[in-house]
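Next up, some structures in structure tokens.
Consider the two complexes below, in which chain A is the common component and chain B and chain C are the respective partners.
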Partner chain A sequence: MHISEGVLSAPVLISTGAAGAALTVFGFYKMKTEMLAKTALMSSLFFVGSFIHIPVGPTSVHLVLNGLVGAVLGVCAFPAIMVALVLQALMFQFGGFTTLGTNILVMALPALAGYYLFRLGMKTAGKKRWALFFLTGGVPVLLSAVLLSAVLALSGSRLYDTAKAIFLMHIPVIIIEGIVSMYLFNFLNKVYPDFLRTEYEN
Partner chain B sequence: MRFSPAACIFCAAVYSCMVAFRQQIIPADAVFAAGVMLLRINFLPEYFFRILKLNLMILFICATVYLFGDDARHALLIFLRYNLIVCATAAMFCGMNSTDFYYGFYTLRLPHKFTVLLFFAVKYIEIIGNEYEKMRNSLKVRNFRPKTDAFTYRTLAYLLGMLLVRSMDRAQALTQAMKMRGFSGRLYPFNFRPFFPADVVAAALLVFQFILIYGGLV
Partner chain C sequence: MKTKIFIVILTLLSFSTAFAHKLNILAFAENNVLTVNSYFADGTPCRECAFQVFDAEGKVFAEGKLSNDGEFSRNGKLPAEMKIVVDGGMGHRGEQTITSSAETETVNEEPVQSTSVDTAQIRQLIREELSKQTAELKAEIDKGRSHLDMIIAGIGYILGIFGIAMIVKKK
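Then we have the complex of A and B:
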């Protein structure tokens, strides 16, 4: 899901970088001191999530978990995802300095969709709730894949087919993430409902 | 040679910006990356294999640009830009751990909210990593074999859920312990990572690279 260094054009890098930076600053501004532990925990879970491989046929995919981060943190997902991306860039060279803002935008902006879908899910019951929990995990990954493909396509017509291929590669991840999130939110709701409370903004 | 984390972060960020916006790569662009790789030659096996692995994804992107976008020049430009940045950063950062990066950002005087969040995230990655390892092992001893079925996805979702519950308990205990010691959203580390003589060499290389690119020498 990370955009590598050197792929995007300068105008796309600058505009998405500025948007990602502005949203992260807003996220930090909204983050209370009491919310620090939870934000850091979700940040580290987002980091560790990239090591959790889930089998899909003969191959495997790793979880993105931006829906989960968004559902738990809301707008604080921006700083949480930013810190995880910084660590991934420094420790494993996934992403990088010039694409940091773009990667934040691609992964953290759709996390907000997870937040609203999750709130909606908590207000319902039965099969509708299961479906909304599925969407809480799946829709942010779908939106991230769309944004990722869009920034690639905006970087030049030569990257159109790359954008299409990358979008298609993410379809299994969207489904798996949705299924895992469906079970996960149901589990958390039963075992640790306090964890899903959202009294965090200033 | 050993660099300080702060110098590495600063140099890598500046060099990445210098290379990522280039529309044409010339041999002079590789001076900093080659210099850093030479200075860190004792870590060569470590960063060499990492660079090889990282190239798999960029080769896929370059191949699609070459085959479907029909632009060999642009595919080569992406490949070279990526590799120059990755060679420099992989060589500089290999052998460092996440705590070093916290000290690096702290030394660079980044906002406290960011450095404190980074510090906690680094601590929790260790906690979550250990908990995850324990749970995976307990699944293994129960002969759990991941497959493409609902049982596997449910089990892994519950594993993730338990990981969150247990880590949150540990995280809250850590936060309470820090609050008891007067934590109010700011950390005052006393164990800095000092600057090393090699940092001067890295800075000189970076300045030389800057002059080469923007000074019109080549």
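Then we have the complex of A and C:
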């Protein structure tokens, strides 16, 4: 999911970078002081998630966990993911600084979908809730794959081949994150419902 | 039942701290032979990845696909300075600039006139062998290195950054 330096063309880099930066500032501006501790926690989770690899065929993919981050944080997912991505770029040359805004957009924008699916799940009960919690984890990864394909295609890579590779590689990630999110949120809802109550906005 | 499922999921994940997504390039240009070897940081070769070699003026000197082992080699006249770019697909890209050791060329072409051994030549040869070996050694270390300490440091940084943010916001 992390785009390296020098892959993207300048117009794509500038437009997505600006959008990513603007949304991060917006997210930080919207953040309540009480949300800071939670944001730090989810940011660490995202940071570590990228080092957990799932072997797929000859290579491997890593977890994205943007669904979990988005479900708990809402708009605050932008600053959380930004901080984690800066450190990954700084310490591990993972992604890059010029592509930082693009990477934020690709991973944090779908996190909002996770937030809405999760809110929807909290309103329902029973099997429907389980299904929605599964989607909370899975759908954002799918949307990130769509955004990643689109961004790469706009920079001149062949859309069909790129998109196919990205989707096939991320099917296991979608399933695993869905299952993790399904059990995690049901568990948290039972033992620590306060954690999931997000009135993050000012 | 639930715990069993969790254990299965956890064992399915490989908790390696290697990063399959940093693309490393190991390249040598010696005696007019260019060798390129590209691998992801966890050691898996960049199979059939597209690559390009540019010379100092930015013109494409060679391009194509790496072999199934992530390798490429070429004999013949080489530019003095080369930039190698490997595209790992899905937004992964590696870049490396190398200079070809032109000095060996002259050393090899010179007919050996005296039996006395030139120390400069020996020094040159040893330096080349060593640089090659240390580069290989570095790649080997890269492949097996655990970055657990750095990951923990990263978590520390995140908590620190948000701690500072909290102080700023409280004011």
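Everything that follows uses one rule, which is that the second predicted complex is superposed on the first by the 186 of 202 C-alpha atoms of A that agree within 3 Å, B and C clash if a C-alpha of one lies under 4 Å from a C-alpha of the other, contacts with A are read in each partner's own complex, and residues count from 1 in each chain.
FYI, a residue touches a chain if its C-beta (ideal position, glycine included) is under 8 Å from a C-beta of that chain, and two chains touch if they have at least 3 such contacts.
Keep in mind the model is a prediction, meaning the values are calculated, not measured.
Novice: Superposed on chain A, are chain B and chain C clashing or fitting side by side?
Specialist: On the shared chain A, the partners clash.
Novice: Between chain B and chain C, point out the one touching more chain A residues.
Specialist: B
Novice: In the overlaid three-chain picture, which partner chain does A:148 touch, first (chain B) or second (chain C), both, or neither?
Specialist: In the superposed model, A:148 contacts chain C only, not chain B.
Novice: According to the stated criteria, A:160 is in contact with first (chain B), second (chain C), both, or neither; which is it?
Specialist: First partner only, chain B.
Novice: Who does A:127 touch here: chain B (first), chain C (second), both, or neither?
Specialist: Once the two structures are laid over each other on A, A:127 reaches no partner at all.
Novice: Classify the contacts of A:191 with the two partner chains as first (chain B alone), second (chain C alone), both, or neither.
Specialist: first
Novice: Just checking: does A:183 make contact with chain B only, chain C only, both, or neither of them? Give me first, second, both or neither.
Specialist: both
Novice: With the two complexes superposed on chain A, say which partner A:62 touches: chain B (first), chain C (second), both, or neither.
Specialist: Only chain C is touched by A:62; chain B is not.
Novice: To test your reading of the overlay: chain B has the stretches 130-138, 184-192 or 202-210, and exactly one clashes with chain C. Name it.
Specialist: Among 130-138, 184-192 or 202-210, only one stretch of chain B overlaps chain C, namely 184-192.
Novice: Name the residues of chain A shared by its contacts with chain B and its contacts with chain C.
Specialist: Overlap of chain B and chain C footprints on chain A: residues 4-7, 31, 33, 36-37, 39-40, 43-44, 47-48, 51-52, 54-55, 63, 83-84, 87, 91-93, 162, 165, 176, 179-180, 183.
Novice: Which residues, counting only chain B, touch chain A once they are in their complex?
Specialist: Touching chain A from chain B are residues 9, 12-13, 16-17, 19-21, 50, 54, 57-58, 61, 64-65, 67-71, 74, 77-86, 89-90, 93, 96, 98, 101, 111, 113-114, 116-118, 120-125, 127-129, 132, 146-148, 150, 152-154, 156-158, 160-161, 163-165, 167-168, 171-172, 174-175, 184-185.
Novice: Would you mind writing out the residues of chain A in touch with chain C in their complex?
Specialist: 1-7, 31, 33, 36-37, 39-40, 43-44, 47-48, 50-55, 58-63, 83-84, 87-88, 91-94, 148, 151-152, 162, 165-166, 169, 176, 179-180, 183
Novice: Over in the complex, which chain C residues touch chain A? Could you list them?
Specialist: Checking each residue of chain C against chain A gives 2, 5-6, 9, 12-23, 40, 42, 44, 47, 85, 87, 89-95, 147, 150-151, 153-155, 157-159, 161-163, 165-166, 169-170.
Novice: State the interface residues of chain A toward chain B in the complex, per the touch definition above.
Specialist: 4-7, 10, 13, 28, 31, 33, 36-41, 43-45, 47-48, 51-52, 54-57, 63, 79-80, 83-84, 86-87, 89-93, 96-99, 156-162, 165, 176, 179-184, 187-188, 191-192, 195
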